[in-house]
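Structures given as structure tokens follow.
Each of the next two complexes has chain A plus one more chain, namely chain B in the first and chain C in the second.
Right after this comes the complex of A and B.
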């Protein structure tokens, strides 16, 4: 019922043309403005921050209770288990918090205002930046907690950071457009996990194996193919999102 | 006229599939080592092929819907997803049965099992998404976007499959002609990997034309090993004895011998290797692929038409009230 008047307005404006007449610099400026706005409102409510950080902390503690005792031998299998546990914590925390950007707009009924204020691509880029910032924080907190509590010893820190960053990029690029999709549906948070998980299986497999390699000391050369695959996935998802986001935004 | 042709086509597809089912049991010969269980590939491979094709067709029609905005395209996309889901379930179940019979496990996270599992999840997610949006136009548009977006991840599943294929159970080189499975060349005393098993060539003995290789095979995780002795006839240039890997129906085969460097080329061979060399099996297999593809398109057409009729009725109801 609410959607129909909005759609009529959309037809008159024709978003594709609006984008072309604006220019790249203004587009990016609008995206940055949306990012700053989201950051500011997040710092006021701290909803996503609390959800992500507390989730990461409880996951790390729960894992540490199980496998954190001294005397675990550092076999290849143990490294793989550690990195799988790390990525499980990251994945579920991300699935908890990353849909926030769009769901929040829907809940406070500011979607229409945002639609008037900025072109679709800027909205997407702004939200993506916000999700990337959240993931940066999440990656840092979770891996620090794992290093401290689960006694994860990182053999080659640079490779470890790169795999985490590339995996985070994959998470953000694949889920941002899904957050926009589920903002319009019912059972939002459950649906978000259902939609996101199948898309995240390929990068997860690569990221888990890549992280396990970086925990060993000769990591960089071994982890490079994993990083490359993750980046390729992130780029594909990003480009697809740029092309498809317009349709989500119009719907 | 068109109606009569559709009727005929429907009957033809039914008769064709029935023929394939009969041929599967009566025409295809049993092959060594698998017994009757081997017949399942006549069903398994075509259903797996149709499930991937259905996914591609669903994404194609989703793209058309986004481009043109015609409801019929969305009906076709949904119909392709629904019938594709059925075929995916069939492929998964037949594959699991076959896997249990041949390899002793229903499920192993083999690359292809991973990808078909992800395919099932994507279909399920698509249906979940559709059922949770009330507004019809919005539901169509958003599920079309998700369908295309999910389809983009498929190349990555195929791309990453080699990364985890160390533990594959799928007999790539056994059933699919033209695919390569090179095996490994080993000198005496050297180690190598065949699939996920470590093999070590202990010695080479020649008696007349027959060369016997003593090969130590170690299970994954280094638990348990056995010594196998496959043999090779140098005069006839083919393998004589193909001992089975312990606990598996795969066999170890010598594909070539080089006595000057004291080395052999070893390979893993699935039961039924060269199965499609058999003409009767090959034609039944091709007929099955054709039959299932035709069946899919028939289901697609019927379901899409039905969805269109439902939509038209719903609109008429809405207009009346």
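Right after this comes the complex of A and C.
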């Protein structure tokens, strides 16, 4: 390794190149860069992926072997129980994996480098995108496992997918800001659970009831209020997070 | 580009313990401020305050650059920071790390410029290695590339040559020499040999 002579130091980067006003496109492009970086890191470390998939698989297998819905009549209670079990599996898998974005940055001490380089809003959007991608995967894997192993029969597939997506949005928006808050705390898991409880229980109740309706053949009409409520919750949480995140990030 | 740093009555404390208080100074373009003192005297804390990574318990620090005032917490675009507690992404290669930080800073850098930067810090030919395969000295050199990628007017160097070999220390000499021409440098050190960089000296704690 040779130190380079001073003449070769004069590279083409202009001094003070980063000093300029930042527009919305810049913020979104920076958020995309953070998302891509997190995705690349995740594919190499499997820090969250393994936990999410293993938890989903364990839950589906345990429910399948332990409860055994075969032969039971498809009453309203039966559908509610199946729906509740599905969302409990999704919730705990999400709580296991979705704090990864910020906690990993803190544990590997890369938070300071990111803080100096990236606008706060881009960090939040990038991490939210990453959590949404993880949750999409988690939703898909868990529901397929439940359909196969727990014999969940979906009466209205489109409504089922929409309720899952809307509930997933709620989980992702809430857990992203919570992860940012707890990242520098000493007892991360305990604090995450305590803070998540009041934020996630309301949308979870709506998601369980909405999903139960989609398992019946009642279809979209009956599930629509649940989908609307979940989307409204996700939007409210997203807007609140946008306003709050800068203070959390710079604290 | 005009650049200056003004610090007035700056203080830092951890709980009830005051690390330092009443620090006032001004650094102008072309000057190197060396912050010296024994372990625990607050050198690293002083630099973290200037980088906006920590809040002071009293006083202010403000940069004047490009026709406006910058509080440390919003001064990311004008600051380059190198420190032992700065870490980059170990699962990424050196080139991926620099590309990522160029992207989030919205710099239009080509591969050649990134390669030039790696050569400048003595990592030419090792850009495709993951950081997990780097020695501590090589990882420290990459921190210089991270800090210099946007050619910041302000360079904050905490323990600038720790873990670096002789060649690495020469790289630091060159970086400081160039930065002295283009902006300001603040160096925190307890190595007496690094006092030679000083145009201004701030002694923290017991001398």
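Following the convention adopted for this analysis, the second predicted complex is superposed on the first by the 230 of 251 C-alpha atoms of A that agree within 3 Å, B and C clash if a C-alpha of one lies under 4 Å from a C-alpha of the other, contacts with A are read in each partner's own complex, and residues count from 1 in each chain.
The criterion applied here is as follows: contacts are C-beta pairs under 8 Å (C-beta built on N, C-alpha and C of every residue); 3 or more make two chains touch, one makes a residue touch a chain.
Here the structure is a predicted model, which means the values were calculated and not measured.
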With both complexes superposed on chain A, which partner does A:44 reach: first (chain B), second (chain C), both or neither? second
Chain B versus chain C as contact partner of A:30, first or second or both or neither: second
Touching partner for A:109 - first (chain B), second (chain C), both, neither: second
Applying the document's definition of touch, where does A:229 land relative to chain B and chain C: first, second, both, or neither? first
Check the residue A:199 against both partner chains and state whether it touches chain B (first), chain C (second), both, or neither. first
If we overlay the two complexes on their shared chain A, which of chain B and chain C does A:250 touch? Say first, second, both or neither. both
Quick one: is A:164 in contact with chain B, with chain C, with both, or with neither? Answer first, second, both or neither. neither
Touching partner for A:117 - first (chain B), second (chain C), both, neither: second
Take the contacts of chain A with chain B and those with chain C, and give the residues found in both. 3, 250
Please give the residue numbers of chain A that touch chain B in the complex, ascending. 3, 7, 177-178, 181-182, 184-187, 191, 194-195, 197-199, 201-203, 205-206, 209, 225, 229, 232-233, 236-237, 240-241, 244, 247-248, 250-251
Chain C - residues contacting chain A, complex: 1, 51-53, 65-66, 73, 76-79, 81, 85-92, 96, 100-101, 103-107, 109, 112-113, 116-117, 119-120, 122-123, 138, 141, 146, 149-153, 165, 167-168, 170-171, 174, 177-178, 182-183
Where on chain B is chain A touching in the complex? 66, 114, 118, 121-122, 124-125, 128-129, 132-135, 137-138, 141-142, 144-146, 148-150, 152-153, 156-157, 159-160, 163-164
Sites on chain A touched by chain C in the complex: 1-4, 6, 8-9, 11-20, 22, 26, 29-30, 33-34, 37, 40-41, 44-45, 108-110, 112-118, 122, 250
